[in-house]
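Below you'll find the structures, each written out as structure tokens.
Heads up, the next two complexes both have chain A, just with different partners, chain B and then chain C.
The block that comes next holds the complex of A and B.
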């Protein structure tokens, strides 16, 4: 078990090294000179050269990269190029907080409805409920965000005037409703499918038959034996969903005017704001990799067969 | 990637392919999906013949018209026919997704999956680790970064080719856009396929008939492509179907961000972007309707088809 964890832990820095190198290289060798973007029409050769010097952009690639990563580990993500003089950390933290709140609201919707629904459907195998709901859930998952978000906006804001059209007012604000639905409902479908598949897998196993054979009540079989074991793979999915909370959802955020991290990331990519791109990509990857690790380890704790392999 | 979990316990026996087709035909939903895709794609491919308008035709006598008998899906603020533009957008999406699936999913993904699964050891480690690096970029941020940073470079290259050789019109035809988008999609698309094929190979590698083939001295290439590949077809078929749905979605996201096919060529993403802002929604909500439905049909039909295929191929749920 410990060897397994250590091996996973060793791999993480290597993975992140590659991710950071690729992002850094794409940013530096990619087109678009940030200095040109910053100066705009005040551009002239000598000012540009001075600015490059000041920002350290004409040092060698390795030095720049090393310098950046050293700062990153000390919690200094550099300064934004677009908003001169503002540390990246101060820029992105509030935006991440907004995205995390929104993501959490969406997660409540998808887990709260999806898990019980998936379990219910799985225990109703053979009736019409099962195939219908499976097809329906795929149907809902397939609606592109850039179609459903404007559609909901049209209904909820323009036609019925139930909600303000865009913006952000915190977790307990009516403006949260449309984005939370847009992000949460496809999640319901996903959760339902996964919970159903997982429950079916458990239902088909021998120990469930044994539990029934030794005379346990149906409720006890379902709640203790089936539900608990069906939750194992769900843990993974939940870990990934939590990592996704920081990532934000740039389409939803852009259409509905929410000042979250997803929208900020896309703006940064178009403005060649390298320090911001780097910070967001790295933080996103770290969250993702750690979620992956937690999921794998919790897997190993819950299911002894994995541990022994 | 969502579906990998569902495909995980798929163990398929391919000798039953004809029966699998019978089972698929019995699923009405799958047939409906195939028909919907066929109709939509055919209209898209023959957009030029199907529609009486061109995608840049501006008719100033009929701007901002709601759907009527002349313009079935209405017109936008410069009097262009929305249905015509949607069909051309479908054509673009079709070309890009098929190219990305053929190169990224089938050629790169399947080959790497076969190699990783069969070779094991270091080859396996290297391939899967590279895949893990690609997969550990947050969501489709990698695709966006790639498309955003590559486009100007490739445009430069195309201009250089035009200037220094007799080839002309590379930039004008928009071929560069197709190249950039499919490249970005390929980088994103191969990992899932490689993982699934590898999983299938790992299960098959120790099978008796593979050992027999090795014993009579079959070359690695022969074992990989003649003995192992045919036994992965069912996994590949399901992954292609679901992957096409995902690729279609990603392509629309890219063009929505302005990284796909550039105007004046229409793409579903740019149309949806234009239709999705609050001002346009207030004045001309129909601009969202037809492109939205077209995008939805493509994604949903591939996904439902993939689901039906995996059901039909999976002996467990029979």
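The block that comes next holds the complex of A and C.
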């Protein structure tokens, strides 16, 4: 198994090289230019040239790319073009941390309610509970954030005055509640549906019938055989959800005034802040690769049929 | 001053007050270098301050810059104008007032200004402001190393500035230090608007030591001269301004300004007492206007910004090289109907260029008003009357992929119905839009506005329509207009000058260089009753020191 892990890890730099090259090239060869955005209406060719020189944007593609990647592997993500003189690392890490906490809170809600609910519904197949829940979860899934966030603000903040309407105060602050619900609730529906499907799949397997036939209690059948096996596809989804946490949520963050990475990243793209875009993309890629690896490894523990050699 | 996406303007009516002209160009900034550890992300002080004594809380956006030499937008201006200051300023009635200069004399030929600096004018650290500081600050702003996008616009009247901007020397020959507190500035011609230009941050004083020791992020620790000190700036989170007590404007008013940069639903935040001022968007307007609604008592009508939005034509490109064709398009639009039915009267139809209330605004101006018959006739007389041979027409607008604006859709439909002219619309995102606009590549462009920097008609007409202006993106060129504009620059008589500008404006309008669309209408703003002295102004001027919090 160790060999497997090492082999996967070796792939990370190669993958990063590929992702970074594509992202870098898209920025440099695509339309738009950070200097043009900075100067806006005051654009004139000589000022723009001076600015490009100062920011090192006049160097050749290969030199710029090489310079950036060399820095990146040393942990230096360069300086932002929009917030001049500011190291990208100092700009994005605190914001990723905010988004990650918020995303984690949302994930707790989705998983904490979605998994048991999905399992419960699957074991009640055939009764009215099943179709009703499926319909309900579809309904919840299709409510856009733009609707649910203002609605929650209106009730939770303006009518009941339970929570403030905006801002961020950390994981254990009441301001976390509304955004976590906004982001977590649609996840409940998704999680419920996946867990239900997965559980139903397992329930139809021969080994469940065998377990029942050998006289195991219903509790034991469900908890050991059904639940554990139903979790296998869920693990992959969970791992990717965790990796996605640092991506932030543009709309939720904007509506609820949260200083997260989602809004920052979108603005960086529109303003062509190349170093910020690069750093967010690369960190995101690393997170996904690692999450994928963790998912694969955990299969080996959950499902004895899988061996990672 | 600057272009802004018009759709963003409408959004900002709902979201942000006083932060007008927000655009994608908005977020470049020079800020701190302090260590940020992961745990710092949880602010020890919550982002939302409780409504404490002397604290004024509002929503703002990350300023593109805090360096006075680089400011070219209202978001930065709103902070820089409070933290720094210059020789002269505009008060909340937009009248020119002495600031760090206590008085000045103008030579009889109108080209030499001798400023006397106040004896008690100091930086925040107590150091006296001298004429040498001003000389250094202006030379720094003009220095090509500073890369100021506006130095030429605001300082080019001073003798010798262009030599510095173009890198031939580092000293401005037209600026002389007579003694510690006397500064002499010579300009190239008697220009009535020169003092007004000095109210813009490009001409503000900065502390040389502060700038030279701070490197690129010197604005982290600002040693300014304005009524407020920058106490804290966390990118994307908040800006806190603290009252500077030695300021001459100290009158026991507000002590802290907390500006929330993280966004949020400003109306909900206002109602929940998280901020003290908010704009009212279209969706809340009806409720707030209802006299039975408690919020109605906190409603304030703000004067419109001095701004105009328009459709620009490239007058060198077919079919807009034909005067009659341009006029036909102008006459075919029923702006009054659009303003009333589509835009809920949040805007005023524009027939001229200068906004109502602005110096030089001409009520008698003959605009190209809606007249479908005349429009048809003009089209038939134009070179492009035949739809089959007419070139394809594309209007380009900036945007982030949303709708192109209801007004544009209706205008396209009016052109189709009245004239049978088919016009396509193309939306490109801001960075790409600016790049092509600067190269004058668009056949026609919309979604733009122009906002005043200083109250003088030169700021609109000369900058946007003179043949040599870099911002004349429609490449409009009329020798007669150029001549009038050049005469107006140096005409010493204020009334004659205004007349010249009004003549030029009439010619430009009749030439149909643009379709002028909208002047901003009155804005609806809610201000908490305990906030006193907050003046809503049509331009960004220093005003926070007059705010008092009375509870």
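Keep in mind that, in the parts below, the second predicted complex is superposed on the first by the 264 of 309 C-alpha atoms of A that agree within 3 Å, B and C clash if a C-alpha of one lies under 4 Å from a C-alpha of the other, contacts with A are read in each partner's own complex, and residues count from 1 in each chain.
Following the convention adopted for this analysis, a residue touches a chain if its C-beta (ideal position, glycine included) is under 8 Å from a C-beta of that chain, and two chains touch if they have at least 3 such contacts.
These numbers were taken from a predicted model, which means no experiment stands behind them.
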(message) Clash or fit: chain B against chain C, after overlaying the two structures on chain A?
(response) clash
(message) Just to be sure I read the superposition right, which of the two partners does A:285 touch: chain B = first, chain C = second, or both, or neither?
(response) first
(request) Examine A:139 and indicate which partner it touches, taking first as chain B and second as chain C; both and neither are also allowed. (result) first
(request) Name the contact category of A:194: first (chain B only), second (chain C only), both, or neither. (result) first
(request) Identify the partner contact of A:56: answer first if only chain B is touched, second if only chain C is, both if each is, neither if none is. (result) neither
(request) Based on the superposed arrangement, let me know which partner A:255 touches: chain B (first), chain C (second), both, or neither? (result) both
(request) Would you check which partner chain A:158 touches, where first means chain B only, second means chain C only, and both and neither mean what they say? (result) both
(request) Could you look at A:112 and tell me whether it touches chain B, chain C, both or neither (first, second, both, neither)? (result) neither
(request) For A:13, decide between first (touching chain B), second (touching chain C), both and neither. (result) neither
(message) So in the superposed three-chain picture, is A:47 touching just chain B, just chain C, both, or none of them (first/second/both/neither)?
(response) second
(message) Based on the A-chain superposition described above, do chain B and chain C contact any of the same residues on chain A, and if so which?
(response) 31-32, 150, 153-154, 157-158, 165-166, 255, 270
(message) Please output the residues of chain C touching chain A within their complex, sorted ascending.
(response) 1-3, 23-25, 27-33, 35-36, 38, 40-43, 46-48, 62, 64, 72-73, 144-145, 147-150, 152-153, 215-217, 234-237, 260-265, 268-269, 271-272, 274, 400, 428-432, 434-435, 438, 470-471
(message) With touch defined as at the start, can you tell me which chain A residues reach chain C in the complex?
(response) 31-34, 36-44, 47, 50-51, 54, 81-87, 90-91, 93-95, 97-98, 150, 153-154, 157-158, 161, 164-171, 173, 175, 253-259, 263-264, 267, 270-272
(request) Would you mind writing out the residues of chain B in touch with chain A in their complex? (result) 2, 5-6, 9, 29, 129, 132-133, 136-139, 141, 144-146, 148-153, 156, 245, 249, 252-253, 256-257, 269, 272-273, 275-278, 281-282, 285, 288, 292, 295-296, 299-300, 303-304, 307
(request) Would you pull the chain A residues touching chain B in the complex into a rising list? (result) 15, 18-19, 22-23, 26-27, 30-32, 134-135, 138-139, 141-144, 146-147, 149-151, 153-154, 157-158, 165-166, 190, 193-194, 197, 201, 233, 236-237, 244, 247, 251, 255, 265-266, 269-270, 277, 280-281, 284-285, 287-289, 292
